[in-house]
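Following are the structures in question.
Okay, so chain A shows up in both of these, paired with chain B first and chain C after.
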Partner chain A sequence: MKYKYFRKGLALPFALFLILFVIIPILFIIFYAFTDNQGFFSFDAVVSFFTSTTKLNVLLVSILVGLFNTVLCLLIGFPLAYLLANPKFNKNYVLVMLFVMPMWINFVLRTGALRDLLSIVLGWFNTTNGEHPLFCTMVGMVTNYLPFTILPLYSTMLKLDKSQIEAAQDLGCNPFKTFTRNIIPQTLPGLVSASMMVFMPTISSYVISDTLSEGKIMLFGNSIYLSFSNSDWNGGSFMSLIMLIIIFIVMFATKKFQGNGSERRLSAW
Partner chain B sequence: MVKKIFAYSYIYIILLILYLPILYLIVFSFTEATTLGSWSGFSLQLYSDLFKNEDVMIALGNTLILACLSALVSTVIGSLGAIGVYYCKRGFRTVIENINQVPVVNAEIVIAMSLTVMFVFMGQNFFGGESIFSFWTLLAGHCVLAIPFVYLNVKPKLLQMDPALYEAAMDLGSSPTKAIHKVIIPQILPGIFSGLLLSFTLSLDDFIVTAFTRGPGLLSGAAQIETLSTLVQSVIKKGAVPPELRALTTIIFLVVLVIVLSYSIYINVKRKRIAKHHRRSLNA
Partner chain C sequence: MRNKNRILPCLFSLFILGVNLSPTYELSNQVITKYADDEVEVLNVYNWEDYIDEGDEEEGIPSLIEEFENKMLEEEGRRVSVVYSTFDTNETMLSELQTGKSSYDLICPSDYVIQKMIAEDLIQPYDDGSTPNYDKYVSPFVADKIDNIEVNGEKGIVSRYARGYMWGTLGLLYNPTFSGLEAKGITEDEMQEDMKDWLSLWDDKYSNLLAIKDSMRDTYAVGIMKTYNDDFELDGQNYEGFKTIKEKYLQGIYDEDTYNEKVSEIFNLNDSTTITRVGNDLQDLKNNAYGFEVDSGKTDMARGMYFAINVAWSGDAAWAMDMADENNENSTDPNYHETILKYAIPETGANIWFDGWVIPKNSQHKDLAQKFVDFLSTPQYAARNMNYIGYTPVIAGDEILDLVQSWYDLRYDEDSLSLDSSYLDGLTLVTKDEIDSLPEEEKEDKYYMKDISYFFEGTLENKDISDSIFAIGASEKDRQFDTQYPDSSLLPGLAVMADFGSQNADLLLMWENVKNTSLPLYAYILVLVAVVAIIIFYIVYKISKHNVKERRKARKEMRKDSSNAKKLLTEKL
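And now, the complex of A and B:
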């Protein structure tokens, strides 16, 4: 009997850790979101969020920047993944690894380097980063998140059924129709998981928008960070809660297209 | 032919754009000039400056210690947890797996904020108003990032394993610890290893969770723990990437390049060996 429980007992530290550092902190966020700084129940944080046009504006801008970044990454990444997965053009896995490799170089350092480079390039046109915050932020977002779109798209492209595409062409589809009616549906799971991997981290990103726009573009992540530096735990908690709700709505809506999520963040190993 | 040229130029132009900022730092690490983009002849001065810069060395040390420890702790808890959960009842397993999925899909800044709020509350209410932010809170934060991924890496290996192996080992007289150590762990070792690497890289690259959950400790002594990410972030907020850090980028790039290339070669060799083996067994 003693032996039977031993192996199940191995799950105990893991389960305890998850409860202590995943579940309880989320409960604390909910608690802080609906209390004031004395710890009494209040809707102060809720009211101050929904009556502040700046904060609502930040949310709207974040969603727009997120959508824009997702579209750009997919437009660039989709043909790229197609070419990389096509044996006619590329038989080597090393090339795919090269696209993922920048992810292992410190992310903050990379962002700083990009900002310096952009300031040189913009200097040739007699302008500065601060004058084009949106352009600089978008360049940073796309270069940072492109590898995350390439990986899931590449792995679905490898499974692409070529005979289906040929059949569509034989049955009289023009190239555009073949693309919309056949290639897109076949790669839909990859497209959805690539979009997820770009959209949500973009909304909540801090370093890229802070560094590249020189503080001129506030995303939702920057807003949460600001309340952290001001020790505004209640406001920060409420914004985190909103972020959490957005994430779960999006996850739930796309559930049937998702894998187990293990490919999120870094999946090259 | 035209198609092929077009395809290759597309691939390599995008690749070049992705690498341009890093290449720019690497090229200008071999000169003494401190201003942006100016070249004053070949020199290794920045490399010796780098090793003399105490702040950077402390941050580098902190980063490596933290990454090693958090990878180790995460791998042990995550792998043992995966084994334990694998043998648990289905209902419990579903619950745990759903909780495990939360940090995976969650935004990093929300994870960081939730932990910070909890630590603030604990400090105010259980530790007499003192701050409990220290190396331990930072370690916990990094483990939250890594443990779910260790679990997700080990789980598929357990599913591939023969579930009766553990019983077989016990029937043949081995103790439970020995059965796990000698029978189960070797079977899932590739999963454990990839979990270890993943948690190491997650910790190295992290900025948000570090910035939120750090306190005084490690090599920084009584000051806030600086890791490479937080140090770089605070200096680039004031100005351009400092010249010494160009040298550091070159070193990091070379290390990563060696690891990635050797990993790719290893994968290629393994694939070829499997293909060869497959062909031979088909011929026989």
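And now, the complex of A and C:
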């Protein structure tokens, strides 16, 4: 009995941390989202959000950019992770480190450097960053979020059951069918958590889109920032709440693809 | 300082957090340990980042804050400790003050925020005669501008509540040496001429060559200069546009004051119709522009990269020019492309701004706050600030003129220095004799005369007002000096932009709309189709699943039935 209590006690610091830095801030957001600037209960922020085509459009654009980024990251990250998980190509984990290493460099510096690089590359084609805001933003997004896709995929790929694949091939599956019927279902938890790691942060990110699109593409994060910096706390809070709701929806929708506990723990490194 | 949202520097400063925060902390800690008893008077000062001379520890030059503390101790025997903190946008500072949680004695907001603070009754007026140095040395030109700001329809109120600190203009920083200009066939002279007009920003010629501010108020100021450039009609009333007013002023129909009044009036229009019109023009501007920037623009300009034109505050423009010059000097690469930046205030008018010191209502040390402001308004210390920050103080006076002369005047003579000239260390001077010995024709090619007595009028003691007529090198036209002190012919066209008041929400909507990325129509249709397809797919999936279940059920029942029937049959048999 005592032992059990002791084990529970170990969770106390974490619970305290959660309450202080997660629950209380969310309560603050909810409070601001449903009050006016005098602090009285009101639906002003809600109404002004849903009646503003601009804000809805920003949300739509962000979701599209997020989806686009997720698809691109998965397309590039999936084969890469497959190769990395193959011991023939990747001895001693070194290649994985190479992909993770850029994340150790300050992200603003990385983005700034990418901006310079892009302007040189685009210069060869006689064009500039400012003329291709979407292209530049997408390049920035993919380079920034690729490691976040590779790692969860890599960890599920490591546990890929090779004998199943062989069995599928032996029983007459062509390579495409082996892939869709066998590899994808086996790596589904990794795919889902990789998408989650990319999709939500993309929508709320604003430094990448601000720097690389030269301020021409406004994502939801930029919009929230704009509200707060113009002391529209209530509107900004409501938009943050929308973000939270989207996170919950996405989490709920992908719950059944998340795999069992051990896989989830591995993929959400 | 007009840096409204310093996203990048903020993040950068996280990187070098230690460096950024240490002056503040060290200062306050040092002082607190210096007087470890109860008699210390604490003055809480809230200022922009990098907006005061912080001294040089290595060379043992004390910061202005330390100088003030020492001065108070020496002259009045008061133990003063200044707790100096910084903010990065007017808005964050204002919301801190509005919630009433702050306890600052002295804050340095921008003009329109001061106006708002007075209207919201957040600050208190200065005592009469409490800042003798300021009263004596403030430039009559700036004092007049401050006087003319209206609060609740009355003039002269702001000068009771605020003391100016730094001032400047919003104009165009441009790079005639930009590498992309040649391809477009734009020559240096042509560009210099074009930059005298705001409309050039909308010109196809400069498409993708210009960056505008990612800041609502400043970009609105640019927009309205285009929207109301020509005569216009508003609410059934006809108005003269900026161009007509300027012409009438040049013809002598309007005198300076009328001209300035008219410019200010149109410049400060912010009714819904005007906001919509400006919004449309800004949409066009966005399409013509390379992009938006807030703080990165000055660095990009100094490096000669990305764009050739940048809407800039004069202080940043001067900083970028210095930076570019330094890069030119330090470069060892033989293929290095020199970058020479210039600054122009378009002729139809522009925004003039200032930051000033105000005392919040709940200040506990009003007397000390006033003393601090007066201390900073001493020309000697204002000159140190100017040398350190690069912005132009509102203070005139001998020492400031000295400093400016030493920087820019070709005829500068070392003997004419006055008072304490320690702040001039390390500057190379050209003597009067050197330029006087030039032959007459060469002189004309080499320099032009510029009179900035409008700024120094009535503030000089040992120097003569004729000293404020400068001989400037011809290559220095539209460079640092012109940036810091605009030509007197442009002055009447400079207008202060008032607080938008209740129109702020409308303006924010317009701004969001400008910043918004609209997708092509087919994208919306595609999204709609995709969403509908997903829903239909889901329904079909559910129905088919349901059908499978039903069929299974039916089959089971059928099997049951058939077995029952069998049973019945066997029983009967």
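Criterion: the second predicted complex is superposed on the first by the 235 of 269 C-alpha atoms of A that agree within 3 Å, B and C clash if a C-alpha of one lies under 4 Å from a C-alpha of the other, contacts with A are read in each partner's own complex, and residues count from 1 in each chain.
Simple rule for what comes next: a residue touches a chain if its C-beta (ideal position, glycine included) is under 8 Å from a C-beta of that chain, and two chains touch if they have at least 3 such contacts.
Keep in mind that what you see is a predicted model, and the values were worked out from it rather than measured.
> Does chain B (first) or chain C (second) touch A:Y154, or do both, or does neither?
The answer is neither, since A:Y154 touches no partner chain.
> Return first, second, both or neither, reflecting whether A:S119 touches chain B, chain C, both chains, or no partner chain.
Touch partners of A:S119: chain B and chain C.
> Thinking of the overlay built on chain A, is A:L98 touched by chain B (first), by chain C (second), by both, or by neither?
After superposing on A, A:L98 lies in contact with chain B but is clear of chain C.
> Thinking of the overlay built on chain A, is A:F238 touched by chain B (first), by chain C (second), by both, or by neither?
After superposition on chain A, A:F238 lies in contact with neither partner.
> So, A:F6: does it touch chain B (first), chain C (second), both, or neither?
first
> Please name the chain, chain B or chain C, that touches the greater number of residues in chain A.
B
> By the touch definition at the top of the document, which applies to A:S213: first (chain B), second (chain C), both, or neither?
Touch status of A:S213: second partner only.
> After superposition on the shared chain, which partner residues are touched by A:V61: those of chain B (first), chain C (second), both, or neither?
second
> Look at A:L80 in the shared chain and tell me whether it touches chain B only, chain C only, both, or neither; answer first, second, both or neither.
First partner only, chain B.
> Applying the touch criterion given at the start, work out whether A:N106 contacts chain B, chain C, both or neither, answering first, second, both or neither.
both
> Pick out the shared contact residues on chain A: the ones touching chain B in one complex and chain C in the other.
In chain A, positions 106, 108-109, 112, 116, 119, 206-207, 210-211, 225, 233 sit in both the chain B and chain C interfaces.
> List the residues on chain A that touch chain B in their complex, please.
For chain A paired with chain B, touching residues are 3, 6-15, 17-19, 21-26, 28-29, 32, 76, 79-80, 83-84, 88-90, 93-95, 97-99, 101-117, 119-120, 143, 146-147, 200-201, 203-204, 206-207, 210-211, 221, 224-225, 228, 233, 236-237, 240, 243-244, 247-248, 251, 260-262, 264-266, 269.
> Which of the residues in chain B come into contact with chain A in the complex?
Spelled out, the residues of chain B in touch with chain A are 4, 7-8, 10-11, 14-15, 17-22, 24-25, 36-37, 77-78, 80-85, 87-88, 96, 99-118, 120-121, 140, 143-144, 147, 149, 151-153, 166, 170, 176-177, 180, 194, 197-198, 201-202, 204-205, 207-208, 211-212, 228-229, 232-233, 236-237, 240-241, 245, 248-249, 252-253, 256-257, 259-261, 263-264, 267-268.
> Show which residues of chain A lie in contact with chain C when the two form their complex.
For chain A paired with chain C, touching residues are 52, 54-55, 57-58, 60-61, 64, 106, 108-109, 112, 116, 119, 128-131, 133, 206-207, 210-211, 213-218, 222-223, 225-226, 229-233.
> Please give the residue numbers of chain C that touch chain A in the complex, ascending.
Its residues touching chain A are 4-5, 7-8, 11-12, 15, 89, 91-92, 94-95, 180, 208, 211, 214, 216, 286, 289-293, 296, 305-307, 504-505, 508-509, 511-513, 515-519, 523, 527.
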